[in-house]
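Look for chain A in each of the two complexes below; its partner is chain B in the first and chain C in the second.
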Partner chain A sequence: MSAAGERGVEAAVGLGAPRAAPKLLAPSPHHALFWLGAVLLGAALVVGLRLIGNEYGYFAGYFILQYIVLSSAWNILGGYAGYVNFGAAGFMAAGAYTAIALRKAFGLDLLPGIVAAGFVTGLLGLGTGYLTLRLRGVFFSIATLCLAVVLQTLIVNWDYVGGSRGAYIVRPREVPPFVSYGEYMFVVMLMLAILAVGISRTVELSRLGRGLQAIRDNERAAEAVGVPTLRLKLIATTLCGVLMGVAGAPLPYYSGYLNPEAAFSLAYAVNAIAMPLIGGAGSWLGPVIGAVLLGGLQQAATVTISSALNLWIVGWMLVIFVALFPRGIIGWFRRRA
Partner chain B sequence: MDPDLVLLLNGIVSGLLLGGLYAAAATGLAVSFGMLDIVNIAHPALMVMGAFSVVLIGTALGLDPLLVAVLQAPLFYLLGILIYGVYHHFFEKRGEEALQGLAFFFGVMFIIEVGLVMAFGPEQRFLDPPYAFITWRIGEIDLPLRMLAPALLALAALGALHLYLKRSFTGLAVAAVAQDAEALRLMAVNPVRIKRLAFGLSVALASIAGGALVVVQPVDPSSGQIFIGRVFAICIMGGMASLPGCLTAALLFGVVENVTATFYGPSWSPAVAFGWLLLVLAFRPQGLFGRMA
Partner chain C sequence: MSAALQATDPAPLLRAEKVGKRFGGFVALAEVDLVLRPGERLGLIGPNGSGKSTFVNCISGDFAQHDGSVTLAGAKLDGLKPHARARRGLARTFQLPQPFGSLTVLENVRVPLLFGGHAAEATERAMACLEQVELAAKATKLPRELTQVEQRRLELARAIALHPQLLIADEAMAGLSHAEVDQILALLLRLNAAGTAVIMIEHIMRAVTEFSERLIVFVAGRKIADGAPREVLAMPEVEGAYLGKQ
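== the complex of A and B ==
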């Protein structure tokens, strides 16, 4: 167990007995500063893209931001607690299809669709976690791996949302305050990304995050000193599910057409794991770095090489990085410093 | 006889045959996951890779797919040794199996699947031996050779493995490594060498299962995905490290899945696998026949 881990265990002891919690030792988290910075950066991105005035900019931006949400979500459970969720594509598709189903049934628009999708996938995460998290972590991972396959079966067999033929969503030409539909989708995803990174950062710096880190470093020791491990793991699984579903809900609105094959694409499953691990799992900044780097590379590469080769390279990068740089890019910098 | 009853009986019999195939697929995992504690989620992908190489070699040389499956097993044994070497060097030795090791096997699975798509395209591949179209009939019950031959091969492989583990010195060492690797070291047996050998065997079994799979159904690069749920559910139900348990669980599973498919349609069979997995994990994680450790 690392020194940081021991600190994590000590810091998390207070979780079981709320009254005994002393003021913790972490540096002041500067929450206000972070949110201000994130919003300013977001605004700068919107202004910058509008000045460039190219629709492709919004497309590429949406692509990368969606992965920032997805990998930040993965990191809350995988990076902080060390529990691997292989079902990113399943959660994402569940969010997307919730949005489609609610639009068909009640004519719900994008924003309420996002909220509903987060609710549904949060429950999905909670349920899977509740059934499997009392066992060793690998069982949870195996269950999430199968979850995606089963959800795909359900969707393919569910004619109401189009079955294997897919579903269409008619996109409006313009949404008033925005110059184009592409910009509208970009801004929606930008806000989701800021929210996701903010939540992931808040979790990391809060006592919840310290409890999760204690679980990752030594679950038995954490349990023994009074960290309510199951409850913390369930909270993390639910949060992870919510954010993954939220990342998927705008997908049908973005592409105008969605079929199960695209929604359950292998690309989501592998990127959601590769990005945080390559960027540096366990820190809120790692997934952001990974998503910008890998997402940007893939966006640039799809123009020149086939998408299968593209994914193949991501797979190799994942294997090479976890073998040679287990702390990711962030760990590389920290060791130097 | 009552047609529903005939349907049910046929469902059970072909379920047992299907269970033979599942046993072949899950045995390798019982060795790697059950005995060695290596969570090889790439096992079904390796099986599909074996299936593709059977199609390739069998078509080129005009050989029987089951024969090719046995002949190619040594190559996959070497591949398994290579994979274990990488896994041991970078993850097991450092004590980073949980997160990084799992991600490694996920990466391997992904590389195999996408690699197959790139090399062969996403279409289904098949290689039908001549006996695939023959069906024996015993009374009202059909025994298609397409299912029977792979099931027999699977049983033979399982029996050979069982004898090996129970009778030979290295086989016993594999069982010992599963119980206490440190104790083995004290008896001057290198546990890493034993694990490498056993992992190689498990991958060789995956390729044999791949050959059996080709005879039963056409394969495509993503065929392995459905098998993840099946083989892990079977392996856990069978009590992880027990071969007889694994066989029993596989036969039971084949029957349940096949009867479901007979009465409700085959598109639901992945859901059966997952439902079983969840139920087993929630209520009997120690396996159907095991006691709580």
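== the complex of A and C ==
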């Protein structure tokens, strides 16, 4: 367009005299406040659990935090972009087995193992996205489910990481300055959870998040108004892969033993979806609420009744919420507000 | 600007050469040529199934694979995805409004600005676009709270936000009342007066004839007429296509 033409359009849309938008429409992200609050809350949890002095507290805390990471990761692709990933267990197990393989090959400890697992599962997410993101709806979901099955078959037949027998990691008795190994694992997962929620929140409030929401609402229209849909979805699958992988990397260190059946457990795939849906998918806070609620309930059921009831509880909660609160807890509160 | 343009005219805005599309053995569009000047108002009509929307989808990139080639302001568009074409100044609206349902009206218009290099001033520019289509008062509403004509205006605001050189309005007035058609017409004329070329695909003949400087008629995937609206509408082939051969 000529310069005159451009000026004409600018004048036509009134760009010469910009007006301030209503404040409620320009939310301030308050990033520094969020990170400060998250670190303070984390520190309070560590101090609180140390004061209680019960190892089970660390165990239950790790369990819930692990699901905060996993469901926040799922939410980036499933909640923001609307692409439902059934392969969460596959990514998580890929992270866990990356940590095991690197431990065995190079003697890498937990923290470098987590970084490496994030790198590997990030690449896995990117590759999976590239191969599957031309699929939409249920076809994409089935493809991610297939990925988990393929990965499980690979691991079962990979003797180096224990194959179907599983792999052991000897847990150290002490990890100074932590009072116990349980506290150490809890703090590691706490830091990962803060990081995952922070990344999820940053994505939601960013240009990337807006683009993903546009894709979720109407992918064709998003393309038509200049949103590079494939690139954004690839970023989302990569981020999702990284975070699911880092959620899984500490798993063998946490339990001391891991076999494919446990690593690819249906519980991970189901919880990764159920927690954001119950808390409120599409919002960074939803998966946190869902993980605390469902994870807490499952822990309560485990110690009071039986761990076999876990998925039964998740199933019922999911049915109740989908029927009565389809937008999750966050959505329900927003509607009332 | 009533005469049809020749392919040899200097610096056309849009040049489509032998654009065609097949679905299996069915030829939906057969070697259509089109040249459009900057700032031109072109009406594109034809019976249902004549290939109008197929042609638009080839131009906008919705159909990645098609025969022929398309250039916009001298730059080849072939192989580019719709978002890349949008960034080069090609905007389109859809037959049925396709808003981002979970985003407010303002956020709907901010999306093209966020990805079009105006992230810093996206809110101000989006509000300006909404004022242009008289939707500023509904900036905080969700699309489902808008009337049919307001949803059409929202589509236009989103297109305006792209600073288009060319806007393709695909049945932007379908289902609207007489007065609402006039509102959309006025909007399109204002946008065109500011320098944007417009291709209007429409079944409402009053709107097409009022708006267009040039009219093209498609029948069965072929262009059968191209010229001034009065002349084109008087052609026996066009009359035959709409009313049946005598």
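Everything that follows uses one rule, which is that the second predicted complex is superposed on the first by the 311 of 337 C-alpha atoms of A that agree within 3 Å, B and C clash if a C-alpha of one lies under 4 Å from a C-alpha of the other, contacts with A are read in each partner's own complex, and residues count from 1 in each chain.
Please note the rule applied: a contact is a pair of C-beta atoms (placed from the backbone, for glycine too) under 8 Å apart; a residue touches a chain by one contact, two chains touch by 3 or more.
If you're wondering where the values come from, they're calculated on a predicted model, not measured in any experiment.
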item	value
Chain B versus chain C as contact partner of A:I114, first or second or both or neither	neither
First, second, both or neither for A:L243, with chain B first and chain C second	neither
First, second, both or neither for A:A101, with chain B first and chain C second	neither
Chain B versus chain C as contact partner of A:V197, first or second or both or neither	neither
Contacts of A:N218 with chain B and chain C, given as first, second, both or neither	second
Which superposed partner A:G226 touches (first chain B, second chain C, both, neither)	second
Which superposed partner A:R207 touches (first chain B, second chain C, both, neither)	second
Contacts of A:I76 with chain B and chain C, given as first, second, both or neither	neither
Residues of chain A contacting chain B in one complex and chain C in the other	216
Footprint of chain C on chain A - complex, ascending	1-2, 4-6, 8-15, 17-22, 24-26, 207, 210-211, 213-214, 216-218, 220-230, 282
Chain C residues touching chain A - in the complex, by the definition given at the top	38-39, 60-62, 73, 81-84, 86-87, 89, 91-92, 94, 98-104, 106-107, 110-112, 114-116, 119, 121, 123-129, 131-132, 139-140, 158-165, 190-191, 193-196
Complex contact set, residues of chain A against chain B	78, 82, 84, 86, 128, 131-132, 135, 137-139, 141-143, 145-147, 149-150, 152-154, 156-157, 216, 266, 269-270, 273-274, 277, 281, 306, 308-309, 311-312, 315-316, 318-319, 322-324, 326
Residue ranges of chain B touching chain A (in the complex, touch as defined)	39, 41, 86, 90-91, 94, 96, 98-100, 102-104, 106-108, 110-111, 113-115, 117-118, 225-226, 228-229, 232, 236, 267-268, 270-271, 273-274, 277-278, 281-282, 285
